[in-house]
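Sharing a structure here in structure tokens format.
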Amino acid sequence: MSGKVKLINENGLRIDGRRPNELRPIKIEVGVLSNADGSAYIEQGKSKTLAAVYGPRELHPRHLALSDRAILRCRYHMATFSVEERKPPAPTRREIELSKVIREALEPAVFLEKFPRTSIDIFIEVLQADGGTRCIGTTAAALALADAGIPMRDLVAACAVGKVDGVLVLDLNDIEDKEGEADMPVAYMPSLGQISLLQMNGTLTYEEFNQALNLALEGCKQIYKLQKEALKAKYVAIKEEVETCLQS
Amino acid sequence: MSSIITSRIRQRQIYQMIASGKRLDGRGLTEYRPIKVEMGIIERAEGSARVLLGKTEVIAGVKVELGEPFPDRPSEGSFTVNSEFMPLASPEFEPGPPDENAIELARVVDRGIRESHAIDLEKLCLIPGKKVYVLFIDIYALNHDGNLIDASALAALAALMNTKLPVYVAEGGEIKKTSEYMPLPIKNYPVTVTFANIGDKMVVDPWLEEEEVMSARLTVAVDKDDKICALQKGGGGALTPQQILEAVQIAREKAKELRRLVVGNLG
Amino acid sequence: MSSIITSRIRQRQIYQMIASGKRLDGRGLTEYRPIKVEMGIIERAEGSARVLLGKTEVIAGVKVELGEPFPDRPSEGSFTVNSEFMPLASPEFEPGPPDENAIELARVVDRGIRESHAIDLEKLCLIPGKKVYVLFIDIYALNHDGNLIDASALAALAALMNTKLPVYVAEGGEIKKTSEYMPLPIKNYPVTVTFANIGDKMVVDPWLEEEEVMSARLTVAVDKDDKICALQKGGGGALTPQQILEAVQIAREKAKELRRLVVGNLG
Amino acid sequence: MSGKVKLINENGLRIDGRRPNELRPIKIEVGVLSNADGSAYIEQGKSKTLAAVYGPRELHPRHLALSDRAILRCRYHMATFSVEERKPPAPTRREIELSKVIREALEPAVFLEKFPRTSIDIFIEVLQADGGTRCIGTTAAALALADAGIPMRDLVAACAVGKVDGVLVLDLNDIEDKEGEADMPVAYMPSLGQISLLQMNGTLTYEEFNQALNLALEGCKQIYKLQKEALKAKYVAIKEEVETCLQS
Amino acid sequence: MSGKVKLINENGLRIDGRRPNELRPIKIEVGVLSNADGSAYIEQGKSKTLAAVYGPRELHPRHLALSDRAILRCRYHMATFSVEERKPPAPTRREIELSKVIREALEPAVFLEKFPRTSIDIFIEVLQADGGTRCIGTTAAALALADAGIPMRDLVAACAVGKVDGVLVLDLNDIEDKEGEADMPVAYMPSLGQISLLQMNGTLTYEEFNQALNLALEGCKQIYKLQKEALKAKYVAIKEEVETCLQS
Amino acid sequence: MSSIITSRIRQRQIYQMIASGKRLDGRGLTEYRPIKVEMGIIERAEGSARVLLGKTEVIAGVKVELGEPFPDRPSEGSFTVNSEFMPLASPEFEPGPPDENAIELARVVDRGIRESHAIDLEKLCLIPGKKVYVLFIDIYALNHDGNLIDASALAALAALMNTKLPVYVAEGGEIKKTSEYMPLPIKNYPVTVTFANIGDKMVVDPWLEEEEVMSARLTVAVDKDDKICALQKGGGGALTPQQILEAVQIAREKAKELRRLVVGNLG
């Protein structure tokens, strides 16, 4: 943070031309992997993330199983080539922490009690990281859960908000994250009105925090809409495929 | 079998009391257990502190080494925070490398210190690009009766405030240790305030039984200027925006109490 | 129980069709599934490629660092191949360090590249004995529907062909990165052709169900001059010399098809 | 051992002023941790050590359980900041060896046959090391076992003896251990008259060894007395607490 | 491979004086370890390798057991001092791969279906490596299996062939392996006429490959003969021992 | 079941015989099994030896590298002792990193060598503070029939005595390997003598069945001057002071026998 980069220009626009409250371009695909029970792929700016769900399935070792509900497990993992400097293959402390907070972001959305003695396993692979991968991973994992047909109270949509050059901005990219004054990832279940992931790096006054939280929730709602469209698109595609089959 | 039933009855008691604004151990909802901070208890460490938070007991030590700076911060010292949940602290803890809970705790404590710029890292540089002070802040949980995060953050801060750096002098391109020591340059005093969400109430400083029934946890790190310098939601439940905003407000007040315990009149 | 019965029926079907020269998915015995190769999909990597082989999906990335050469090759750059079978690719794959299958795959892909001298390692030396380019070729299986080896070897070759090296200049004994890039110097184009032995027939490019019933596997790496540059028998069965000789002949033909997909007119 | 330090002065006193056969000041507390079934804390000179016992308790994984007795397990561990140079967190070979010899020092004192199919787990944490930590850990662990109410044939009291500047000395501190000619830790069960830990580094003639062993046993007997006093002090404290409760 | 060594001299002989199609001197002993169920020791040139077999025996953890056959497990391991530069003690990727290919070389020879729910464990220790250790290990392991009395379809005999200075040669030593143009280890079951291990490093034309394969099979057949003699020698030795016992 | 009963009968036999001063294998209480020491069996190692102690078989190899000295011993070479209980040596041994038994063994052997100053470490220094010889003494148990410690200590000593150091010469600040070798400078010849306590008798060199019934083990390392240079009690039982004193006396005698096997007239 020496030789400090200017992150907001004279027109109030960000380094990639976005307005402060603007998301990056988002491309969502659901059901992209044939082996997984559910899967989703999201490109958000230059961040590229894949999520897959296996389960509910039998749990090994068995003594970990719970008699009254499923166990949710989650692995957030970055490809070695996803970042500027090659990431060593072994899981980092950061990956272990994010696996935990993402799992806890999704847990309140899933009817785990419907599948006692099983596990539901979520695997998130960050293929390219340009900021926001824990949020994108959460968003993708929620879609993969839905794609796997697992009953949910709500989808989970996630988005970071941050502060760069003194301005609150939505959906930080990598430079904004690294050079900015604060980064706050949030996961939200819009229909339930509940926040299931909240972290913050940096410093914010109470007022800033209040505004930031609201901005994050707005971002989450936009992503939620895109999630629903992506799910719909998949079912339309399946329907068309089925109809084509029936007609032929 | 009987222990499960007891626990359900107990669970209901905890809920009911909290719903009525009280807690099983007699505290109010935003009240901390008695806290005791002792500094300088490990002479071998450059800094150390022990924190008792009710029956929760945590010890933090700071070791100082010389090392190379990170390439992107050539004129800054560095520090790492590690945490281990010792198996003597709880029947639930197993020997072995830190699990996700210990790692999360260490990273939350780290963020509070790092984001508030508590340590003046630029003053920890001896030869830019070559030699800097490297600090290891190691936190051990010795007895777990709930809220290890706040106890750990407090112990880490107290240990840092207690830290003496060996003074080095440059001699012909080489660096030599002298017999003198100087205090670690501290710029900020972050503390964390942790809440448990139990039946829609946010209670401060949950003890073990409350942690077992809480649906979610929220940790708020607050710096000396009342700014929020780290947040961490934990647990498999969710919180409303309103709950969070209120908790953050309370945290800013409680943080002052905690800070006073280690900083005294400085804070 | 029922799944085992189904699988036995299915198994018999696979055997019977292959015995009659056909396959359950309609392919001929020496026919590959449709193959799609995309290069340059990961901008952060110096080189990358994604290969779809039927439903099998593999991604390879190349990262470039500077490092010291091996003492016995002071004027050559170096490379390593790693492979991970991601748990999202198959219900059989577990998180954790690469198992024997992933290690074997990486080493077979490595051998094809190394023995055919695909990378001109002598051109990767910046200061002999001191600084060379070090390449990390990392291969991730994303969806496993059989024959990960061929998909991986193809992805690795495509990622190498896509690799741009940052240009360095020597300045007063030190080396400096410029903003320019140059293509990785490639001298050869090895690909692998894998066979499954099913009821004494050798079938090319086995998909998952075929892998489950095969008695043995044979991988033949072939270079641009039709030379064999690596071999690997896998699986708990055996092969006759005649089966092997025939497979190697077929491999030399199929290799041309595969090579054309990444090399185009170059090959 | 170049620039050799003088460890015994002209008056025959040691570097910290002790006579050769004198123990360091010892502070013992029993029952210091609320979660453990038994615990003890010992400060001996500058060495500070905590021991805790869990058990008898169910053993995981179960196939390790023995049908005719409890399994005794022991972990001796040093805090990273307990020594001059930070100790890396992973267990060292030294810690693994000491965990074994301490376990074997305590095993003959415990009636393991009274608790088949269970485990008794001992955790020793060295908070500050200034010599003698394996002995202090053994002494503390024996107290923690007694505090946990586990029936014992005898307490185990441990103390090192060594040779510095040609003189046999009791209860070595760190410098005496590092710079001396021999270090011999001994654990003893005084009522049974049996030695359950014996190690030696250095060189001793047979005569020196014979004297050293006797000196060590004298040290152990003194420590044994302190152990008993500490246990008594705890029961007195409990009794007073109970009586206070009853009176109030 | 700069300063290239000449590997074939003007008389067509190899660096150790062998003709191209000549094996190194081979010494085989069967039944060399008392604890293992079967064992064998082979010296081939300067390569020295020990193999032992335990089993069929109960498998831990049990859930790995198969209801219809034994599991074959194999560990190929090199002593740290077996090679020029000390090998680190942890298993290398090379050792993991070779453990797999050797296991798969032996598997088709063993009647695993006769021992459901058990494991048969093969341990190969390379004491000194001078080329060909995976083949020698396979040859020794096959003998150890036979020595353990495990019913087999055939022995497995293994031998490498390679190309040095343009000439195809049998049973490469270390220099020929490192400096040559190709190295191809082959394991063969001569009575069944089947190849169970085949690997290749280097480059060969089809014609060369064809010849190399035939040369390798000739080598395997010679080794097969030596294997049978070694087994016979052992049974003769046992018989004599028994007879001596009976007479005395 | 039957094996346990057999074993109890066997156990009683062992006890009864030892009580009467004899052992099941015909040895006297202080008698070693036949010992065979072979040196120089691994040409690739700078030193090596194989020891047969009855049916117990152990191999030790010494590898020599160049490295930096420890900061507190700038003019001394260094050595480490490692031990692995190979899974081929016993049905009880599992593959994997050394367990507590292998670690204890290595550390006891190490102490005997280190405390008796067997290796003249000051002669292993090439450039003070910069370059010294570093020795790796690796011990593998190949067949475990009891008393691995004595077999290992003997194999380590024999391997050291067999060790040849490559000679280096200084050339313009750099150090160069010559083709010459010199013997490792040895100053002392420590051996260990191990006892098992069985029914209050201390028996020397316990074989496997005796180890299974012993209550405690005592290892005494003795140097060439009859001094005790390391001790280690093992096993879950205890010993009286008298037992220990007597064992140490016996150990000093037995040590001479063992030493003679590797040192010959030197000792």
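Every chain is named by a letter (A, B, C, D, E and F) in the order it is written, and numbering of its residues begins at 1.
In this section, contacts are C-beta pairs under 8 Å (C-beta built on N, C-alpha and C of every residue); 3 or more make two chains touch, one makes a residue touch a chain.
Everything numeric in this text was worked out from a predicted model, so none of it was measured.
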Farthest chain (mean CA position) relative to chain C: D
Centre-to-centre distance between chain D and chain C (centres being mean Cα positions), rounded to whole Å: 58
Rounded Å distance, chain B centre to chain D centre (Cα mean): 31
Centre distance in Å when chain A and chain B are each reduced to the mean of their C-alpha atoms: 28
Chain centre separation in whole Å, for chain D relative to chain A (CA means): 52
Ring walk, chain A to chain C and onward: A, C, E, F, D, B
Parts of chain D lying in touch with chain F, wherever the complex brings them together: 72, 93-94, 96-97, 99-101, 103-104, 107-108, 184, 189, 192-206, 209-210, 213-214, 217
Of all residues in chain B, those that touch chain A in their complex: 100-101, 103-104, 106-107, 111, 115-116, 215-216, 218, 223, 226-241, 244-245, 248-249, 252
In the complex, chain E residues that touch chain F: 33-36, 39, 46, 48, 50-52, 54, 57, 75, 77, 79-86, 89-90, 121, 123, 125, 127-130
Sites on chain B touched by chain D in the complex: 41-45, 48, 55, 57, 59, 61-63, 65, 82, 84, 86-91, 95, 97, 136, 138, 140, 142-145
